[in-house]
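Per-chain residue numbering starts at 1, and chain names A, B, C and D are given in the order in which the chains are listed.
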Amino acid sequence: MRPKLQGLIAAPHTPFRADGSFAPDIVAEQARWLASSGVVGVFVGGTTGEWPSLTVGERRELFEAWAAHRGELLFIAHVGHNCQRDAMELARAAVECGAQATSAIAPSFFRPQSGRECADYYAPIAAAARDLPFFVYHIPGMTGIRVSPDEQLAACLAAIPNMAGMKFTDPDLYAYGRCVTKFGDRCDLVWGVDEILLGALAYGATAAVGSTYNYAAPLYRAMIDAHERGDRARATELGLCATQLVEALIDAGVLAGGKALMARRGIDCGPPRPPVAPLTAEQRERLLDRVDAVDALADHGAVCHGAE
Amino acid sequence: MRPKLQGLIAAPHTPFRADGSFAPDIVAEQARWLASSGVVGVFVGGTTGEWPSLTVGERRELFEAWAAHRGELLFIAHVGHNCQRDAMELARAAVECGAQATSAIAPSFFRPQSGRECADYYAPIAAAARDLPFFVYHIPGMTGIRVSPDEQLAACLAAIPNMAGMKFTDPDLYAYGRCVTKFGDRCDLVWGVDEILLGALAYGATAAVGSTYNYAAPLYRAMIDAHERGDRARATELGLCATQLVEALIDAGVLAGGKALMARRGIDCGPPRPPVAPLTAEQRERLLDRVDAVDALADHGAVCHGAE
Amino acid sequence: MRPKLQGLIAAPHTPFRADGSFAPDIVAEQARWLASSGVVGVFVGGTTGEWPSLTVGERRELFEAWAAHRGELLFIAHVGHNCQRDAMELARAAVECGAQATSAIAPSFFRPQSGRECADYYAPIAAAARDLPFFVYHIPGMTGIRVSPDEQLAACLAAIPNMAGMKFTDPDLYAYGRCVTKFGDRCDLVWGVDEILLGALAYGATAAVGSTYNYAAPLYRAMIDAHERGDRARATELGLCATQLVEALIDAGVLAGGKALMARRGIDCGPPRPPVAPLTAEQRERLLDRVDAVDALADHGAVCHGAE
Amino acid sequence: MRPKLQGLIAAPHTPFRADGSFAPDIVAEQARWLASSGVVGVFVGGTTGEWPSLTVGERRELFEAWAAHRGELLFIAHVGHNCQRDAMELARAAVECGAQATSAIAPSFFRPQSGRECADYYAPIAAAARDLPFFVYHIPGMTGIRVSPDEQLAACLAAIPNMAGMKFTDPDLYAYGRCVTKFGDRCDLVWGVDEILLGALAYGATAAVGSTYNYAAPLYRAMIDAHERGDRARATELGLCATQLVEALIDAGVLAGGKALMARRGIDCGPPRPPVAPLTAEQRERLLDRVDAVDALADHGAVCHGAE
């Protein structure tokens, strides 16, 4: 049996040039930085990676760019698409590029209405990914899907041989607890809501995928350490730092804000693509100030704050 | 100045074979049937056309298939996509294929948050469609967009030279009234909610795009006629027939149900693609019975009910 | 059989003094004004009447104040309450005061989950109102109830002997059409969304209850006349005036704005009670300007605009 | 300065007879049982207490019945009401009955739209409760209020002298973290979502109000103990038991299900009042079986399972 996933997995930004064109050459910088900051893997071309704003061809190129780094970082390729045929093509591309796992989001325009319809939608995609572990990407705040994650898991575990777990980007800890109880011994339930990771640890989460691990992995690693060694006061303190970090990002715009933090660190991922708005100069400045304040609270060095 | 759009515009189903592959050869049958049933145009590759489930290449092929019929039917090409670059490519394809107008839906994963962001998103797509009239496709029940249609129109009319109007697939007649008041003299507000078209006529709608005009144009034409000649009792009666038709379709599943009605008429558009579920035999039978009952109420021949 | 309800029924404001205390003496002024402006009845202590902000004792006093005017105006007493026992007490009070019909809103904290649960909740209240016609008050935008109005009507018509119809304050014209089709011959479906009344007329509405009929009954009466005599252009024009009137009110705050319009007419209903905020001076001024502009568009005199 | 609240506070059911009439004599049994099961206080007449289904007179009687037990159990009186004047009357009644704190829910029909409007609504109620500590009762899933809890707290702490904290019945741990960060040193943030209490403990919660503490306080106390002594595995295990307990209750209906569990323990709180549906015999049986299974998992005796 496959061992449980452990640790922090970043969902990297897709790098663009100032004119919005894809800049694959930045990926090597992202990979180096992430590996050095204690991240164990990458979830490539997910929401933070702006998958809906990329063409299928660009998503394939993105996989190719990350493939070079799969020695240092577990390479999970997000292949989901509203168009099942495109998702299947992307799953095949992921295999060719040497991805170590795949994941697919639910279609969010037409939506599955039951666990069965979820499984029917995902099965051909997972099959196209051959024997790679397959993760359902559950993010109902974006997809609007109404099928509960436990219903999805029950159906998909029954129908999909390479079903390996779920990226659980749903703040509903009660639903998470239900899934842990029912399926925790059969698959990985990878937590996906950075700002309340500490809560998920209490329910047994061992791995997490997220956007803020791109620039604040040391903060979360310190929080996990405190949790594991039983230093509850410190864990709470760092958990609240994560809350404040995310609050600053949400006020600015998470995606554009995250790219601004990467840029300050010297890794220029460019602006987001439309319809995601770029930061104004004022938003950027205010974000950086707030992030520095969190960094000071947490311990200098916990949040990415400028090139060395 | 361009004259106002008038009449019924069908949003045709995209024809698939039983294995789900695209069947462009059916388009000619659809075009012939639609022209004969009193429809004045087609909105190609919209929601009924399952745009999110088609690859970009298939959408281009679909435009090519419909291009042959633009003499008989006004050809509006839906080019919207979550990926702005794909939408721009499709807009160029529409121009090449001889489309007479284009339209684009809002991105529905990442969503514009203001009229300004809508206009910024749409402008390059409309520009790619050159001098073709451009329609914003407003369907908030599917996209989840929260910017009011009047705010969208104000921003887009200011920023987009070829802005021609809105496909208003929003049951909010109050919002429709606001748009008619503010922008009705400057653009077309094409009604998109078949089941309450009679209500929109009262507020001045002159054109409508919809799914049920594929198989029930005679019903709606009779309703519009009654409305225009002041026969209020008959207009109400036929308006309620439309309500019942749509109720039967919604209970079965509008997309799969619509394809079943077309199939009965001899035009085999195949099953919908996943995640849209096909009808069970029982659903299909019940749907046909209910539709026949509506047809009898309306006047035999108002709803498509079998090959001649 | 009871004849169909016909015409405009105002939902009067509950008059308060500046300190928020109940001012029953103003009711006579309201009644005189309403009767003179062409309203046929009153829906007392509804949403516009701020029922949730009144004590049970005050609601009884309000019924007593309106009882004196039931010769001129059909007196429908709203007796609904989250507490069924309070609603029953109010129904008995309505009978004692000589109300001509009663109505009750769904409980909106704990909510019925099915038509059956609706009927079970309403039945004892309707029974307490003895042989008075009973109307279910359907206003899902406020109550959050998710049971469709047709399901509610089916259950209530089966279980409640004095069930007379529904106050349909739901902008969903499709649902309205379904109810007209199924139950229109057995009960009154009184339209309750002023800003799209013209749409409801198209589906056969003959009576309407609303807030803006307190001060703009002439506008709506002119609209109904135009509709009935087949002057579609004028009906549309006046329908759009109603849209603009409501837009001005919503921008200011419908409840406080309505009270400001009454005050200008010389009928001082005071401020709303908390948590409904009063208008600022600026909001009030802007509202009055916009309303005057609508009045000028509609025909001077269509909207209440100052003491004679 | 007042010390922090610590421990579990039950939200007791309001006891009714089979005919739905209020049965105040059962309160003594509830109080005895709760004190013996390790609960430190009671939140009287809250959601579990069916406040919306009680008349104001009954709520006063309920306060009187609980007043006798305030030596053993901290007595927090819920005085909230859609009608501010009724809430003020209830606050005065709470003072007269010797309540040790009061709390009020937001009005949920007309709703405050900003922190300022919340504070304006609550201030007179808190003032009527004189010098008793006052808690805002935040339960957006029921009230539909959209003002964030941090905005509410900022406004209420500034405007209400006896403001003591918030009953935080909102599963949004991210919002909880924000409130702890900003206001945790100035007031009590009492957790109110039983099924994820373990997550809230991680963010520093020290007190909780809830429905399931009526019958499962030993389970939660064991969970809290494990958490505090650093036994993470056991804390997780018991946290997941709480999840399963609540899942069984939600499937049956939390309110009616809770009353069934109390009845099994020998404390007959009767059925809920309409519109809350009672359990069917089948639902009751299935609930008891599932609860017994949870009890066996947790440790026999953790969940109330029959008279001694």
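By our rule, contacts are C-beta pairs under 8 Å (C-beta built on N, C-alpha and C of every residue); 3 or more make two chains touch, one makes a residue touch a chain.
These figures come from a predicted structure and were not determined experimentally.
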item: Minimum number of chain-to-chain contact steps, chain B to chain D; value: 2
item: Pair in C-D, B-C or A-D that repeats A-B, with over half of contact pairs matching by residue number; value: C-D
item: Averaged-CA centre spacing for the pair chain D and chain A, given as whole angstrom; value: 36
item: Separation of mean Cα positions, chain C and chain A [Å, integer]; value: 50
item: Graph class of chain-chain contacts, one of line, ring, star, complete, other; value: ring
item: Residues of chain D touching chain C in the complex; value: 47, 50, 52-56, 82-86, 106-113, 117-118, 120-121, 142-144, 255, 273-277
item: Complex interface listing, chain D residues touching chain A; value: 171-174, 177-178, 180-181, 193, 195-196, 198-204, 227-228, 230, 232, 235-236, 239-240, 242-244, 246-247
